[in-house]
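In what follows, structures are represented as structure tokens.
In the two assemblies presented below, chain A is common to both, partnered first by chain B and then by chain C.
On to the complex of A and B.
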């Protein structure tokens, strides 16, 4: 249960970060979303042995983070959650793809190592990009963007209600757990034999709450349609930023900057 | 304004929640609905709004009988403020929550914005508009919940325990807000002092039936009647008795 509190604390801190007022935060949410999506597409477009391009793209988050006043530690901590999954997915490359590509001071670098590094870097960069987006854009504004691109109403309603009620659910789970711990003696965590009762109780309470929320919605004229989120208009600065960011991405993606720099510096 | 004639409700397990309730609420009246836990206060409010369909009897709102066909339109005339504001405030921001009812009542963007502005100014919550409901204090949530209902200009407000879970200051604020609203109010509550301060009339329920009704200043000071209904005198009356 303390883990739930920690998770909620992280969610709260991400929300707090998204409410800052920096030049990145002030950008139109649609512009930030488009830039993030294109950035992710650029990252995943490299084949699994092309590490040099990925390294150039890794520069961008380090430019955005200080501009948006987002602490690197906040992003790294959240990114670490995703990395074990990437490690599991990438580890087989080290085992099966053993053909040597080149040697560094007698150490054989294999295709598997390149592919392993590629998966890890791609995961880190894509997760960082998404984390930067949610840390610089309030959830409601992101919802407005997905609503503007005509995502199904049901999905938008689900996302809104999930975000709204996750706090209430955690609070209820927390108080149930506290009540359990106070009468459970010296046991650690929740015992398996009590798990069903606790989860069942939580489920029943969730159902009752859902019923009350539905009644409240009906009492204010809900007919199945959730109101559209309001979104501000795109400004000239937003368009300029979008064009500039996409140009930088195009340069980084299509011009082999790392190779050119290498040639200039070492030959 | 609101008439309930011979209302009876029985829950699926056979428990009689309301027995032949007949009530008349006059326009402009502020009425307290009192009763011990399980007396049927919340069920009665749900019947008034069409959430629960009575097994017997009629609900007449502004001369129009509530039927299965028209009960989905009752919300425009009767605004319900639920006991727990977390049930009522389901949108991502306060502004959206308040605008929800206005948009559903057919107002256009401009009218909605105007209605939201009027409601938030009346409840002094303009500074909360961009906030997320889950980040508000109990008192703020309650005021937003009232604003979310007032935005459609209902002719009657049905409030379920409006002062529950509130600290003294927030409770006082809510009482002041309700005292200054020029709209008919039916308030289900356990807060006897609020009932005495706010309401001119009181209806006491006991085991699903009307046990007593009359002027607040007469009913609420009748110790024997209150005790028979499983209630207590307001604290101020208890103090007077002690001295």
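On to the complex of A and C.
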């Protein structure tokens, strides 16, 4: 099924990208996580009509992407996933918010248009930020950060196991689905009456697998504790990058650069 | 139903993060104290199962469209609500990180909408009473269909409230609700039947699995002192109340109108501790977005965005793009030389 292949492909490609060795990849995972969260906060802190500042925030991904050697196509593909629901919310603005803000060469720009643009740009920037984080940091390292701040063991084990077993179970779901398709003739999707047996079978096989995994873990000395992962120390470069990135964010967020530049150059 | 970061304001995201964290603390405690280590891999694999199961689309009869299960109630029935909540939260985090399905700061909203309602509302209040009457195919089916439908309706309504409170869309409340609820009613009923079919299948093949979840629940409940539960519920109440009051501050007319209908007055005396706490919490969170209204907001917005600003923004972007291109070319050259 294409959907499952796409999902596995995405997981694989993200993991492959995160194994690269660039200056962005070498940064401390905690530093990258903090910068990403604050960046997204900055993006969503603009209200629905403030476009100028929002646009200048796009500067950061434009610089980080080539530095980290992340192809833009990888990001665009994932953005398509997030867009439909955002579009639904955005389009209503075009319809309900029709007061004019200003004219550009006789073309009336409405508040709805600004709000529409704002939702689309916000979606693009927030998706890009998260994607850059996972494409430059292996999942295990992100989990090590989570572990270092003493989040509950059970949560960390849950994330580790789920992420690992998604590969296995999606492949299993895929072969189950292929078997169904081969027998079901020319039908689209799975008939609703067959879903119980199909998912039920998959579920029971998953539970069997969990039992085997437990036995294997138990044989290797598992006592319900997840061993602490080693995480590298924060270096001077990391601290410098953190301070620099946060300063740039503060400048972009609080100084109306776009406005000033536009006025100096054009008006 | 996964909300993107672009659809929430920092205040709404913060409030919902707090609410989900409270539910998470409760779940972790429940899981830690009363679960044998055998369940650890089971929870992990079940999380992955839900992820895989969501990839299998079913055709909704007579419509030509398709849907997939959410899995909240299924997990709650097999693992108990606490572990199910943790498993769902992990799935949602992975979906957000690797698939851009839901935002990172909107994660609190998504965990609450898709995890809290099925695990802590639909399961204990609807599904469990049916199962208590007797574990058989009929009760499982009735319970699952009702619980899934109600759980999804609550989740969808919560999405509407969160989006409107974030002031991202101009869609009127009524229209938004009229759009969201019926769609999710159809999906909820279909999901309910499928969840029921899966559970009945499991019940016939390995009845002890459902039985164990049920027993685990009973054991898990007993040692939790009433005080702890009350404290956690209190935190959730305050957080939800402050979320609602944020919503109220964004939409004073609608709420006052309905209050007049219900209470006969537009103002209520605020003499409860809960209300004061909620007000205090709101004060500390409300500085982030400015809730200016109507003309005032439009004027302010007009001052914020202008032709000059947009032109300047385009220049900044072009320069950044240029720098990015230079870095890329530089890297390519180094690689070619190396």
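Convention: the second predicted complex is superposed on the first by the 248 of 267 C-alpha atoms of A that agree within 3 Å, B and C clash if a C-alpha of one lies under 4 Å from a C-alpha of the other, contacts with A are read in each partner's own complex, and residues count from 1 in each chain.
Here is the rule we use: a residue touches a chain if its C-beta (ideal position, glycine included) is under 8 Å from a C-beta of that chain, and two chains touch if they have at least 3 such contacts.
As the structure is a computational prediction, the values presented were derived from the model and not from experiment.
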item	value
Which superposed partner A:221 touches (first chain B, second chain C, both, neither)	first
Chain B versus chain C as contact partner of A:182, first or second or both or neither	neither
Superposed model, chain A: greater residue contact from chain B or chain C	C
Chain B versus chain C as contact partner of A:143, first or second or both or neither	first
First (chain B), second (chain C), both or neither touched by A:161	both
Chain B versus chain C as contact partner of A:236, first or second or both or neither	neither
Touched partner set for A:209, first chain B, second chain C, both or neither	both
Touched partner set for A:59, first chain B, second chain C, both or neither	second
Chain B versus chain C as contact partner of A:196, first or second or both or neither	second
Chain A residues contacted in one complex by chain B, in the other by chain C	139, 160-161, 163-165, 168, 209, 213, 217, 222-223
Residues of chain A touching chain C in the complex	1, 3-4, 7, 10-11, 14, 36-37, 40-41, 43-45, 47-52, 55-56, 58-59, 62-63, 65-67, 69, 78-79, 81-82, 85-86, 89-90, 92-93, 95-97, 99, 101-102, 104, 111-112, 114-115, 119-120, 122-123, 126-127, 129-131, 133-134, 139, 142, 152, 154-155, 157-166, 168-170, 172-173, 177, 187-192, 195-204, 206-207, 209-211, 213-214, 217, 222-224, 256-263, 265-267
Footprint of chain A on chain B - complex, ascending	46, 49, 51, 72, 75-76, 79-80, 82, 84, 86-93, 96, 99-101, 103-105, 132-134, 148-149, 152
Complex interface listing, chain C residues touching chain A	2-10, 13, 24, 28, 31-32, 37-38, 40-49, 51-53, 55-61, 66, 69, 86-87, 89-91, 93-94, 96-101, 103-105, 163, 167-172, 175, 190, 193-194, 196-198, 200-202, 205-206, 209, 288-290, 298, 301-302, 304-317, 320-321, 323-325, 327-328, 331
Complex contacts: residues of chain A adjacent to chain B	15, 139-140, 143, 160-161, 163-165, 167-168, 209, 212-213, 215-223, 227, 229
